[in-house]
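Before anything else, here is the set of structures, which you'll find just below.
Note that chain A is present in both complexes that follow, paired respectively with chain B and with chain C.
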Partner chain A sequence: MTSNEQPVLEVNDLTVAYRIGDRWLEAIRDINLAIQSRQIYGLVGESGSGKTTLAMSILNYLGENGKILKGSIVFDGEEISRYPREKMRAYWGSKIALVPQNPLSSLNPTLTVGEQVREVLRLHLKMTNIEAQQKVLELFERVRLAEPERVARAYPHQISGGMQQRVMIAMALATSPRLLILDEPTTSLDVTTQASILDLIKELIQGREMAVLYVTHNLGVVVELCHRVAVLYAGELVEDAPLEELFSQPMHPYTHGLLMSVPKLGQSKSEQALSAIPGQIPALSQRGQGCIFQARCPIALEICSERPPLEKVNEQHLTRCYRWQEIAQGEIALEALFEAEGEAMSMAVPISSEKGTASALDAQGIVVEFEGQRSFFESITRRPARKVKAVKNVSIQIQPGDTLGLVGESGSGKTSLARAISGLNEPEAGSIRIYGLPASPKLSQRNREVLRRLQMVFQNPEEALNPFMTVGESLRRQLFVLQGIRGEEAQRKAEEMVQAVQLPVEVLNRRPNQLSGGEKQRIAIARAFITNPDIVIADEPVSSLDVSVQAAILNLINRLQGSFHNGLLFISHDLAVVGYLADQIAVIYLGALMQLCRAADLFQPPFHPYTEALLSAVPSVELGRKVEAIRLEGDLPSPSETIEGCPFHSRCPRKIGQICEQQAPPWRIDESTQKRIYCHYTLEELSQLQSKTRYSGL
Partner chain B sequence: MKEGITVSEKIEGAGRSRPAPNQEISASLVGIKNFFIALTSKPASALGLFIFIFFLFLAIFGPLIAPYGINEQIVSDAGQPPSPKHWFGTDNLGRDVFSRVVFGAREILTLAGFGTLVAVFFGTTIGLASGYIGGWFDEVLMRIFDGLLAMPLLLLALLLLGTLGPSKNSVLLVIIIVYTPIVARVVRSVVLSVRQRGFIEAARLRGENLAYILFREILPSVLPALAVEAALRFSYAIFLVASLGFLGVGVQPPSPDWGLMVREARNNVNQMPWTMYYPAAAIAIVVIGINLLADGVKRVLLESK
Partner chain C sequence: MLKYLLRRFGFLILTLLITSMVVFVVTQLLPGDVARVILGREAGEAALQALREELGLNDPLPVQYTRWLTNFVKGEWGKSYSTKTEIRPLVMGRLRNSLMLAGFILVISVPLAIFLGVVAGLNENKPIDNAISIASLAVVGLPEFVTGLVLIQIFSFRLRLFPANSSIRPTTSFVEALPMLILPALTATLVLLAYIARLTRAGVIEELKQQYVRTADLKGLPYRTVIYKHVLRNALIPTITVVAISMGWLISGLIVIENVFNYPGLGRLMVFAIDRRDLPLLQAVTMVAVLGFALSNLIADILYAILDPRIRLG
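After this line comes the complex of A and B, so read on.
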């Protein structure tokens, strides 16, 4: 990339504001960017950082309530930011293309996907329908859609999310645009699908005469793909550097914090707490004149209340921090500072308990079925309803003080299993014991003692708390109903618990709409722990939170569990997060366990072939970590299909042959480590096949 | 176009840290005051509110305002057009139309209001239970309601009144039977969107009983939609009472029911048109006013979301 070449896209001093009420609030401020041809430019930011606003401004597609206050956008030497909509039509889809985050909402549900791509070709390339038809098949083949003819005739809802995104990519590339904007194209997809989409993007983009802006919140994806990365925080560009330099020598405290708050594959809680950035992104209306990161920065000085300029570290590297020289020379140990920030907060007082030696949770042979729809004819002929097996005979045990991490992609049955154990959905079969005490599969038949012993933290903090009750009311109600504690004692316990989740006592009088997402999740966690349950089920508790907030919540869960010494069932789709928090890990696929082992052993061969594919699919935030790419073919089979043999055989890259389709595999158990793998290969054979792969000790 | 709006909301929502100072004042009085400020910011809603309050005033203080009694007959003045003495004129029996319209306000507002209240009560309870419990319970109730709703409303009312015999109580019962399913459906649809939320599941996990979950956990989320629906039902209930009065199957003479007054005036409409105009206008104004009010309430609730 020679920098004297004219860039395809140049953004100069761009400031964009939104009208909220009767005020104009700046969503992005003084942004400067230049993307060369053949360059993939990563734009990283959390939600609220203004990254989508920037992408939309470049497209000149801001809403009615958005306006460019200042600056220019130069595309191929033309200043386009003031062009009217009519004029932009000639650019959209032909010279500038967009691959959006949610493909389903961007495709027209009433037209076949083939027709939608043909329309682009007819409009921008003036092709005839027959030519377009030919070209569509060609494009679909290039984006590796199996059976292009069939896909072209399908309506959007008839194909999977991964296929929809492939169609969007085909559409975007159909006209060979000069600028391609990818706005979180893999965020709504599973890791294994994400990995193959990233491979595809890499393959199709590299070497093309095209500039690419890749917008994402996922640092791992950036490492896989980008040449240069800009970090956006609360609407300001805080750092802009070539990929290697940004990851090896970040010069802004925010970049530092962001890189350190993401657990790396193989990192474990036993080594160190995650470094969390305290606080959260300031709202649009609360952005002052000083350094935008000042309020959360561990090294802020007085001078930081004046906005620092974007300074040059070297020709290629820009940062917006007064103290970058100190950071560069290693005079400030940011790592230690962020950690200290996390540890300085108050610790929960351990609540003593008389917990014995039995398993905190012992669930045996859990089966969860959902009834499929029956046609009228089927119901009058009394044909049995089609059953969809969401969980097939799964057994798990959790020891007191232990964390079992349950990992699987969407549709794997991990949430169904959790809900069956908690009693929210009644399982078809299976027994549940909490400290040897049998828990009825029906929630209504569980008595108060059993209910107290098992509590849950839900995925979505926005819906976890009753919006019409104060935090105090919610917590006190929990104590009253489960333990009969009321009055001053309840108030005292609620205060203690709120402090244990590191929030001020005043929060008790607040309603959920006055709290941020992270704060709400802290309260939801407080509610689950307040009655000192024996087992807490946390179903994706951090997946809807921002990266910089996630770390703090993970640390919190870890600390609470340490002091309460209860069992934790932690469910996540994120291997790094599960690997960090869990002691034991269970990998689940299509409702069946594939592998069960100690967390540390997950990253060592032998792996179950599915675990292997999952691990290989995770984009890593570490530079230069190259592993053998193992990609799964096809989509998750429909859960209503009955699958003989191994559930994974239809996508398994290490399939042996007929035996996998016909016989259920045995559990292969390593006596010394208690690693259990559900596969026809023996552990020795798997070790041999996977000998090259290592994840831990990096 | 839409993108921009959602993006800005996302930014505002995600970054929200501490509440703005004015949010901290939790006094509900401020909330009510803000509600009325927002409500009256649009002329149509303000007009609706004014009309509603005006008729409410008439209903409460009617006897003090009306110059003559409900059925006071001044035979010498029978059939007079509007004049300073009889603002809205008199009917063929010599009754003062203005006084009767004023008294009619109380008659119709209490009847329609009480009926709506009871219908809202039953509808809410049934809707909450049906939506939350689901399964066969829900299925059976909803099919019965579908059956009721499939019949034209007025026809259903006529059928019921034919069986019950015309009287005030029958009209009340009709309002309740006709509007309970409608309210129940609205409530149920909100319940369906709320029942899977985490806070409901958390309540189930701590073993709360059905009544607590329905009325303490779910009901508050239903209230906004319920307020709008109740206001709408109220205006239609007024319309229904008037219609039934006009058809002669509702409230019976000599009650000052507006619908009934229009019915009685029908025979003399050529000689004494004012006896029909004023009660008819009263019906129209009240119904339009309350509809405007309901629209306003809906707008404010949507905006505050």
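After this line comes the complex of A and C, so read on.
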């Protein structure tokens, strides 16, 4: 990778604007990038940072409402940014290729995936259809698609998300392009699928005569893959450095905050609060002339109201901060500055005292079933519909003040379990008690007291708040409906609660559409806690939020729970987040619990083989953390299949043999730590097998 | 796919059964005594009673219904009260006329409407789109008897190109009938055109936003291929199924147009049957119309499945 070689892609002073109403607002400003052949260049940014705009500008595929205001895009020595679409078609697909974020919607639903790849080959490589078909099978084999012939004949909806993304990768690499742009290619996939797709990308692109731009919001993915990383914030490049340097010596407060705000595997809330970056990314219309990060920066000075230039830390490392020298010399300890924000808050809400000694939540033997589709024959013969078991006999307990983290991939039944406990879906069987008080499985039969005791925070704050009610109305309504509190007392409580979630009191008069995503989630949390519930169920409360906002919300949930001393069921697909926030952790797969243990023990062997695979799949933001790669074969079995024996046997890398297929495994219990693992192996055997794997204390 | 078809077919049979009951019951509820309608006002009570007995009008309703339905299925539709002739050849002749007209309408309107819709959709909010939208909306606002009369005024009376009266006979061949079909077909086309064109336009606009279109573009495919192979394949699915469904309306619902042009189709036969309290005829015509609707729905479902693999392969 010699730098005197001509780069494949050069972006010079690129500024792109979108038309909003009758104004043109700049989405990215003065971007400079150069990617060499054989280089994998990471472009990191949160939503709203302009990373997709940059990717689309490089492709010269901006919509009609977008235009390049200035700058150039030089591809293989040729300035292409002013080429019309018709001219670009000679480059697209043959010299520049894209692997998009969402493979299902990026494939044509009415054509077989084979034809969608063949069409590229016929067009650019002038192959006949028969040659192209041959080549498709080769390509599919290279991207590790089992049964290439069958896949080639399939329509997109017939194959899994991971397979769809493999098809997209095969399509992009079919013509050996000079420039490959990967736009969040694993974001819509589960961790275990993401891990194998990343392996594949690494294997296929490393060492090829190709420049790669990898766009993502996930810092962990960058570590796995990239040589060099550019950090984009609100449309500006704030830092650009070789991978190792960026992670070991970040020279921009934003990079620093970003790195610090992601919980690392094994990090726990008992050690320290997450460093949260206050505030949120400014909207397109609110970007001033000064340093773009100024409003959220803990070390901003007066001079920062003038835009800092991109300065050279060294030949390879660029940063857009006036104070990088002080950061470099360690005169500014950014860790401390970001944390201080988290501590600066007074708890106006009293600790409730009237809670007994029983478990905050005791759910036993929960079974959730959904009706499968009935065929016409079945419906006329009145045969009962096939049941799809989403949750199979799951029992969990949460003590007051404790957090149970429930981890699982999509389709694992974690949301079904949460909805069953909250009464939103009536469970088929099982009992639910809140402080010993039985809660009816039917929501309509639960009285006000039960409803008050159990509250829920949903994944998507955009849909969780009534758009026609002000925040104050929403909160006061909650108080009135569940506790009969109204008037001044309700107003006072609402004000207290809004302050407890660190928002100004004026927010009470706003409607949800005047709030940002993070603010909405704070309100949703406030609404859940305002009636002092015994148990709060939070279903992926941060997964729709930006990384820099996530940390603040996690800190907030943690703090509120500490002062309300209620039980918390925290559901997430993110092991690091769950590991950080939870006291106990339950791992769920195909509707059945696989492992139950203290959070601190999750990262120590013995593991359930599924837990082991999950841990191994998480891309880590820590440099040089190399663990034995354990990859799961195949896809999650369809929930309507009946699986005998251990639910995980079809994908288990540590499968013993027939016993796993035929007999349900026993719960192996470690008496001293209360770690429980659902496996045919004993804990000692598992420990031995997994002795090489360590995840914490690195 | 087979399961899907069987299911659809099952629904078709069910629909027909239910509507046959409704048709039967409703026609029974119509005021007037059938025997008196047939024999006239001067008939004596004894004669009326004898006729009622002969027609089975004294049997309980379920018996009458079953008898009527089995006869209908066997093709024995009985005699019309008013024309005193066999109903089946009468209805079949009208059905042939209606099918001829409906087919002709489709041949004219569908390609034209789809073309206009696609052009409008590909040029969303540009002048050509606005022109097409305004023109098609203006036309759809006019009732058929107005457009029909205007067309007659222009093409028959001024230009003397086509006849104003389209009363074809059972012996008229298709080629002979052709000039007489043009004006009624044109009138129906104007009604249908705006509807189909707007649906197509909406489909095209919707599909153009989809990410697979971006994928197709970024493969470097020529614009024509992106549009024909990728966009239209998806955008026309709703249009085609709606066209299939509207077949039912074209066969039996063109009452106004048939009246304006004096065209002997099923619609006018139905009006005639109602006028004369001709119950057997009315029942037969209604059942044929229902069958037409049900079949066109079935065809729409089948087309939908053929065009969209997500339905076909579930």
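Just so we're on the same page, the second predicted complex is superposed on the first by the 696 of 698 C-alpha atoms of A that agree within 3 Å, B and C clash if a C-alpha of one lies under 4 Å from a C-alpha of the other, contacts with A are read in each partner's own complex, and residues count from 1 in each chain.
To be clear about the criterion, a residue touches a chain if its C-beta (ideal position, glycine included) is under 8 Å from a C-beta of that chain, and two chains touch if they have at least 3 such contacts.
Note that the structure is a prediction, hence the values are computed from the model and not measured.
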item	value
Contacts of A:Y61 with chain B and chain C, given as first, second, both or neither	both
First (chain B), second (chain C), both or neither touched by A:H157	second
Residue contacts on chain A - larger count, chain B or chain C	B
Touching partner for A:L123 - first (chain B), second (chain C), both, neither	second
Touched partner set for A:N466, first chain B, second chain C, both or neither	first
Partner chain in contact with A:W92 - chain B first, chain C second, else both or neither	second
Which of chain B and chain C A:A524 touches, first, second, both or neither	first
Partner chain(s) touched by A:K264 [first = chain B, second = chain C, both, neither]	neither
Touching both chain C and chain B, counted on chain A across the two superposed complexes	61
Complex contacts: residues of chain B adjacent to chain A	1-5, 7-8, 10-12, 14-17, 19-20, 23-24, 26, 197-199, 201-202, 204-208, 217, 220-221
List of chain A residues in touch with chain B within their complex	18, 20, 27, 46-48, 50, 52-53, 56, 61-66, 234, 279-286, 422-424, 443, 446, 448, 451-452, 454-456, 458-460, 463-468, 474, 477-478, 481-482, 509-510, 514, 516-517, 524, 527, 546
Touch list for chain C against partner chain A, complex	3, 6-7, 10, 210-212, 214-223, 225, 229-230, 233-234, 237, 307-310, 313
Touching residues on chain A, where the partner in the complex is chain C	59, 61, 85-86, 89-94, 96-98, 100, 102, 105-111, 116, 119-120, 123-124, 155, 157-158, 168, 171, 375-377, 380
